Amino acid sequence: MPLKMNAVELMAYLDEVFPQVIDDFAVDRLAEMEVDLRLKVAERHLRPGGTVSGPSMFALADCSAYAIVLAMIGRQALAVTTSCGLDFMRKPEAGRDLIGKCRLLKLGRVLAVAEILIYSEGGDQPVARANMTYSIPPR
Amino acid sequence: MPLKMNAVELMAYLDEVFPQVIDDFAVDRLAEMEVDLRLKVAERHLRPGGTVSGPSMFALADCSAYAIVLAMIGRQALAVTTSCGLDFMRKPEAGRDLIGKCRLLKLGRVLAVAEILIYSEGGDQPVARANMTYSIPPR
Amino acid sequence: MPLKMNAVELMAYLDEVFPQVIDDFAVDRLAEMEVDLRLKVAERHLRPGGTVSGPSMFALADCSAYAIVLAMIGRQALAVTTSCGLDFMRKPEAGRDLIGKCRLLKLGRVLAVAEILIYSEGGDQPVARANMTYSIPPR
Amino acid sequence: MPLKMNAVELMAYLDEVFPQVIDDFAVDRLAEMEVDLRLKVAERHLRPGGTVSGPSMFALADCSAYAIVLAMIGRQALAVTTSCGLDFMRKPEAGRDLIGKCRLLKLGRVLAVAEILIYSEGGDQPVARANMTYSIPPR
């Protein structure tokens, strides 16, 4: 099943539906059923002590899973997150971007399931793991 | 097991460790093992269309669970979120605050587990459900 | 929204679709959107040391959520579990049945979400917490 | 970090702590931080219609994660499952074993986190996804 958008089209579309996207995220890699999304870590994503906040990691997982669903099914802004799980495993390294490596495990008619591993850029151990489920409305 | 902080002390402490707290959250009710935390919904919490964003709901769940752990064990800012699950069930009503009704199910020596139901203020059906697990470091 | 089955009809139907039900489970209480389901703990549910096994607790959570969905929507055996989360919080007491107190948080057209607290009979602290999501096929 | 047991030692130990193991499971592959565990599907694992039951898939995920934790840290039977999440994505193929491909994402002093993809033997699409967290007691 081929992609319906390339990385530029995807970023343009994400910017419409998640308007904070242009400032916060970048598509590092896009392939069938897979995307690497970068969170451009800035002051507003941090907790005291320099750790990236939980909501920022949630946003990266959510946005990467949403991105690959959209890239596969095309513009269908009504797809909604129905559930997720996250494990926070290591402290992100200060001053580094986070990369969400997202893989779509299922793209069904009504549900899509993705898994995401989040890394500090350059790190080889994931800082967090996530799974996200989306409901895809009938066209 | 009695509370170690009242609502005012809790808000003051949360403001140190989650500095956005004073603007975003308020303690509506605090009791042994239970807290109701309010997300004072503002423009920055919204998605296009007026829905409260997923990261904002995650932040409410996380902050309410963290708040009741702190209120029960006292100042111990190192407690860290280790895992969570969320189900998004209904669209929050536009222009209403969200209330996270949080109950601590377990407060062990090393792990705490909380469940949270999130409501639009005045609504009787939850918009989301969450569970959060915290690791409590040895003193 | 009223129940479409009483406890006897529900047990008869569960016995068709989960054939182990008659031996393993009993409906203790059934109300709109709520059921208390009992796991009649026997040797086959135990781990060495006398703890009820994880798969047995999963089965109790799954069966209780499935039961309340069926009791609310009527015979529709195709409803399928799509996702779940469990937290194991305390060791069940040896030689006691487990009670799954299940509440349906959402009963939508295509998805149902339930939360379950599992207790050792007579205990006042939950031994486990679960959430289950079901996909309801179009009729 | 090297393995502390080989596949034969691991099966022997699992058989002590999960006594149903010899009949139900086999280690297909064992490597640092990774194991492939086979559920030898038999009548008792099935639902009407020939699908492998949810509790059986939970048991496969749990047992594979437990197995790799033990293989990495050595005999420490007290390690306990603290939480898990599962997504059921496709119907397993009738008459085939299930393979749980498990990867340990974190092996900390007190917590271990694993992710598992479950396949019908010979299939290239996962039937389920799971994450399991274990608490490792101090020695």
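A few notes on this one:
Per-chain numbering from 1; labels A, B, C and D assigned in written order.
Everything that follows uses one rule, which is that contacts are C-beta pairs under 8 Å (C-beta built on N, C-alpha and C of every residue); 3 or more make two chains touch, one makes a residue touch a chain.
Just so it is clear, the model here is predicted, and its values are computed rather than measured.
Any chain that touches chain B and also touches chain D is listed here: A, C.
Although chain C and chain D carry the same sequence, what matters here is overlap: shared residue numbers make up over half of all numbers found at their interface.
Among the remaining chains, the Cα-based centre furthest from that of chain D is the centre of B. Computed centre separation for the pair chain A/chain C is 33 angstrom, with centres defined by C-alpha atoms.
Note: centroid distance chain A to chain B, computed from Cα atoms, is 23 Å. Mean C-alpha positions place chain A and chain D at a centre distance of 28 Å. Across the assembly, chain D contributes residues 82-83, 85, 87, 89, 133 that each touch 2 or more other chains.
Partner chain B is touched in their complex by these residues of chain A: 16-19, 47-48, 54-56, 58-59, 62, 80-89.
Listed in rising order, the residues of chain A touching chain C in the complex are 82-83, 85, 110-111, 133, 135.
Chain C meets chain B in the complex at residues 85, 87, 89-90, 105-106, 108, 113, 115, 117, 125-126, 129, 131, 133.
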